[in-house]
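One structure is given below, encoded as structure tokens.
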Amino acid sequence: MDKAKKRNRRIDKIAKNILLFTAILSALFIVLIIVIVALRGFRPFFLSYDGHKVSFFKFITGTRYFAPEYRIGYIIINTMYVVLLSVLVSAPISVLTALFVAKMAPKVLSNILTTTIEVLASIPSIIFGMFGKGYVVILVRNFADKIGIVTAGGQSTLATVIVLSMMIMPTITMLSITAIKSVPEDMEHGSLALGASETQTMFCISLNAAKPGIFAGIILGVGRALGEATAVTMVAGGRGSGPTFSLFSTTRTLTSTILTGIHEANFGSLEYDIRFSIGLVLIVVILVVNIILNAVKKRLGRYYEPS
Amino acid sequence: MRKFILSILVLVLGVVLVGCKGKEETIKVYTRDTTSGTRGAFFEIIGLKALAESNDGLVDGYIEASTNGDMMDSVKNDKNGIGYISLSGLSGSGLKGLEFNGVAATEANVLNDTYELKRPFMYIRKADADIGSEIEKQLVAAFLAFMDSKDGKEIIKNKDGIVGGIDTAPTWDSIKDQHAAALAEGDQVEIHFGGSTSVEKIARALSSAFSALAPRFKPMHNHTGSGAAYEGTRADGNLHIGFASRNLKDTESGTGVIYGRLAWDAVVIVVNSENELNNINTEQVKDVYTGEIKNWKDLRN
Amino acid sequence: MNRVNKRKVIDTSLKVITYIASFIAVIILGAILFFVFSRGSKLLSFKILVTDYHSKPYRLETTVSAKGLSFENPHIKDAYFSENFGFAVKDDYTLEGIKTIRFVYIDDNSPLKTTINEQGEKSPFKEGFIFDSTMRAVLEDESTVTIFSRYGAENLVNVLSDAVGIQTANVKSEGGGIRGSIITTLYLIFLTLIIGLPFGILTALYLHEIAPQNKVTNLLRSFIDMLTGVPSIIFGLMGAAVFIPLTSALFSNPDMKRGSVIAGALTLVVIILPVVIKATESALSVVPKSYKEGSLALGATKTQTIFKIMLPNALPGILSGAILSVGRVIGESAALIFAMGTFIGDKISITGRSTSLAVHIWSVMGGEIPNVTLASTIAIIILIVVLALNMSVKVITNRFMNKYK
């Protein structure tokens, strides 16, 4: 009896240690990612490659990006501009759709729409990119032609915004649906009892109460838009200087800059390591944006006290 | 909160509207990016050598195309566009090629030296000392011999390269015994090609035909621009043979660099098929690309 | 009265706007599906699934002689027939849209019988071969003339009508198929699941069953959660900087420095890790506590309880996690572009370079002329598979939830 117990306890201990080990390893991956990107990313500023050394200040604030000058200042601005426009376009559509699905639509329609949105959410980004390059870009080009504006074959800020909006719309919609559905019914009943119309109730009461959840969806959408690489690279056009705010000129984001030209770069060269620096900047930008938006979300939620 | 959102919307709308511009009849200038050999050859011949490497001095509002295909697409869809492409891409591109100083862009005119906008297709090879294995050295040597043989030159011509001396070159059959080691059977060895995208068609046709002759030869192509021809064939580069679609720079053709020319190509100035212009001379091209001439009206004289 | 009317107008207009906005989603999905299916169905066939991407070159074994031979013309539409050599060719386009000449008919008795392929082996001269290079023919007076493919099919036949033999011919088999990419995708799925599932399941077991409720555990959890927010291109950077050198050293193969299938699989493991962990944990939390307590009460050790009671009951949830991971592997592009490269391969091996279906789309859409047709065909395949996978996850989750009610 005693031997068995001792053996069991040992097995338990070994098993526990193995599981602990895998768990720690899993948790370490994020650390590994940050360390590697940071290590490689700092190299261009501290080492010299064939006599080239990149000044950090110029890197962050410059307005041209071709070898050997690497200045991503304008790329940061363009990235934020494109993402801001995408959110402005997709957020209203997503919220209205969510309202429709959660409150207005008959059950059958509601299910069809929910399935449609779930399908859209599961489409891989490369297919959005292909759709963008093969269709949206052509649409933009023809449209610009009609109103007399010249584009670089249609690859433009407008095309990028359209594609990004299509990609983040399902995210915002799905979270908004959950948020609107979880508004307590007594709030709505109270409003209707006080004489408000159904529409008034929906827009002024339900939407407002769901604001924190909707905003969480927007934050997630912004995160996805900032990190999207393949689809954006295919429609943005790779502009070498900037910043530019015109809808019809080509543009560039942090992610598309990392992705382009990866195969000419030799492992360990400046061309290669600079991409890690851009990756580092990308991580910082995403973190900062998330912190700011979460702070705004807290303020939004302050006026609504769940009963 | 609402006012805040509204003001952001107004601000963004304002920025967006201000950003948009568009005029008719202005010449829209297209160029390749600075690593392109086509660009280098073009600017050098018309006398604007400084513009080959940098965009300083280019007319405002120029648009960069990253490949020949991009350039063709862009000018095809732009009635006011003007650009330059390799002659090999002209047929089937849907674009109109302009005569240069009164001479049409044809193969014959390139070989008899009357058409001036021509450039050489060059190759640079990695030095034997920098190549690891014996078989790789033999394959590179055999491939270059094949390229210079009659068979090779015919393949280059078939892909629109302009090449002279076809009739006097030796046939592959007559020289292949000198490369018996490379043509033997055995495990496949990767030989990396790269460099100019203008030469890619020709390079692929050559390597495709050669791989049927040499069982160990496995060609890998990654063409990213003429700049990579010199860079990639240095000791630490990853190409065995790099191609460039322009004359090699002084820095690229110093002692120790092994290079040669495989063909000529003509650079043809192209405009949209609806454009009425037929001919353009050196001064006019210079003025268009530096911005001295901005409207199509000023060219139609 | 006015106030009521005004209210009604606002209400109706708001409703209309909402209806319109909702249908935008449907319109977008419809446009994407229409685009993909209309462009891609042209090429969708069994042939494209089993053909290699790169065309293989062939050459004639010896000079082919046609002295005294004459063949009957089968009169194939748009094709030109060579009477003395017994074959028909026509001007055509390859699967990639490039102009070429295609051999559409070869008579059984034609002297064009054998060729040598790249490996130096003999191979038959097949119908469907493409000619876009040069051919050297021998004339009666023993001089040779070269035929260029750029002058077309009719020219080819005309010049040959005076010839008595063909000395050399550079032909090739057609490429443009996606067999290599399909196999690569399957390899990736297999490798990623084999490595990632055990890893994720064991981690989830630790977090859910064994970990104490303290700050360290919370820290571990939040670290793992952070992985979900990382954009895939950053995973790509990590894969290129960590897994490529690692695998290259492990297999002592310097060719792997540009990427390999195994490096891609390892990168994917990190990407799907949070998915598997979350699915396993939520599956474990649905298993009734009574199962666990009963088992322990009956004298089983903690290890036995975890692996024999909890885990089997969490299997449906784990299955969902696995299926979601497969979907992620198929759809992932940016990370694989870095870790595996974009060279489309035909002979697939774990240490070799090739593309998954998604990266194949990226490869053909880049370059001089984007091949939208082929890309759409691949997209059809990806969409059908991903949608089927997502639907099966839903079915499993529903049945699983009902099991314990």
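When the chains are written out, they are named A, B and C in that same order, and each has its own residue count from 1.
What we mean here is this: a contact is a pair of C-beta atoms (placed from the backbone, for glycine too) under 8 Å apart; a residue touches a chain by one contact, two chains touch by 3 or more.
Everything quoted here is computed from the prediction, not taken from an experiment.
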{"item": "Mutual neighbours - chains that touch subunit A and subunit B alike", "value": "C"}
{"item": "Closest chain to the centre of mass proxy, which here is the mean CA position", "value": "C"}
{"item": "A-C against B-C, pair bridged by the larger set of C-beta contacts", "value": "A-C"}
{"item": "From subunit A, the most remote chain by mean C-alpha position", "value": "B"}
{"item": "Whole-Å gap between the CA centroids of subunit A and subunit B", "value": "37"}
{"item": "Mean-CA-position distance for subunit C and subunit A (Å)", "value": "25"}
{"item": "Computed distance of Cα centres, subunit C from subunit B, in Å", "value": "31"}
{"item": "Touching two or more other chains - residue numbers and ranges from subunit C", "value": "none"}
{"item": "Shared-contact residues (touching 2 or more other chains) in subunit B", "value": "70, 222"}
{"item": "Residues of subunit A touching at least two other chains", "value": "263"}
{"item": "Residue ranges of subunit C touching subunit B (in the complex, touch as defined)", "value": "55, 57-59, 99, 116-120, 132-134, 136, 146, 148-150, 168, 170, 172, 255, 343, 367-369"}
{"item": "Contacting residues of subunit C [partner subunit A, same complex]", "value": "7, 10-11, 14-15, 17-19, 21-22, 24-26, 28-29, 31-32, 35-36, 39, 199-200, 202-203, 205-207, 210-211, 219-220, 223-224, 226-227, 229-235, 237-238, 241-242, 244, 257, 270, 273, 277, 301-303, 306-307, 327, 330-334, 337-338, 341-342, 358-359, 361-362, 365, 370, 372, 375-376, 379, 382-383, 386-387, 390"}
{"item": "Partner subunit B, residues of subunit A touching it in the complex", "value": "66, 84-85, 88, 141, 144-145, 147-150, 152-154, 238, 240-241, 244-250, 261, 263-264, 266, 300"}
{"item": "Footprint of subunit A on subunit B - complex, ascending", "value": "1, 9, 12, 15-16, 18-24, 28, 33-34, 55, 63-66, 70, 73-74, 77-78, 80-81, 222, 224-225, 228, 236-238"}
{"item": "Subunit C-touching residues of subunit B, taken from the complex the two chains share", "value": "67-70, 92, 151, 154-155, 157-160, 185, 190, 197, 200, 205, 208-209, 211-213, 215, 217, 220, 222"}
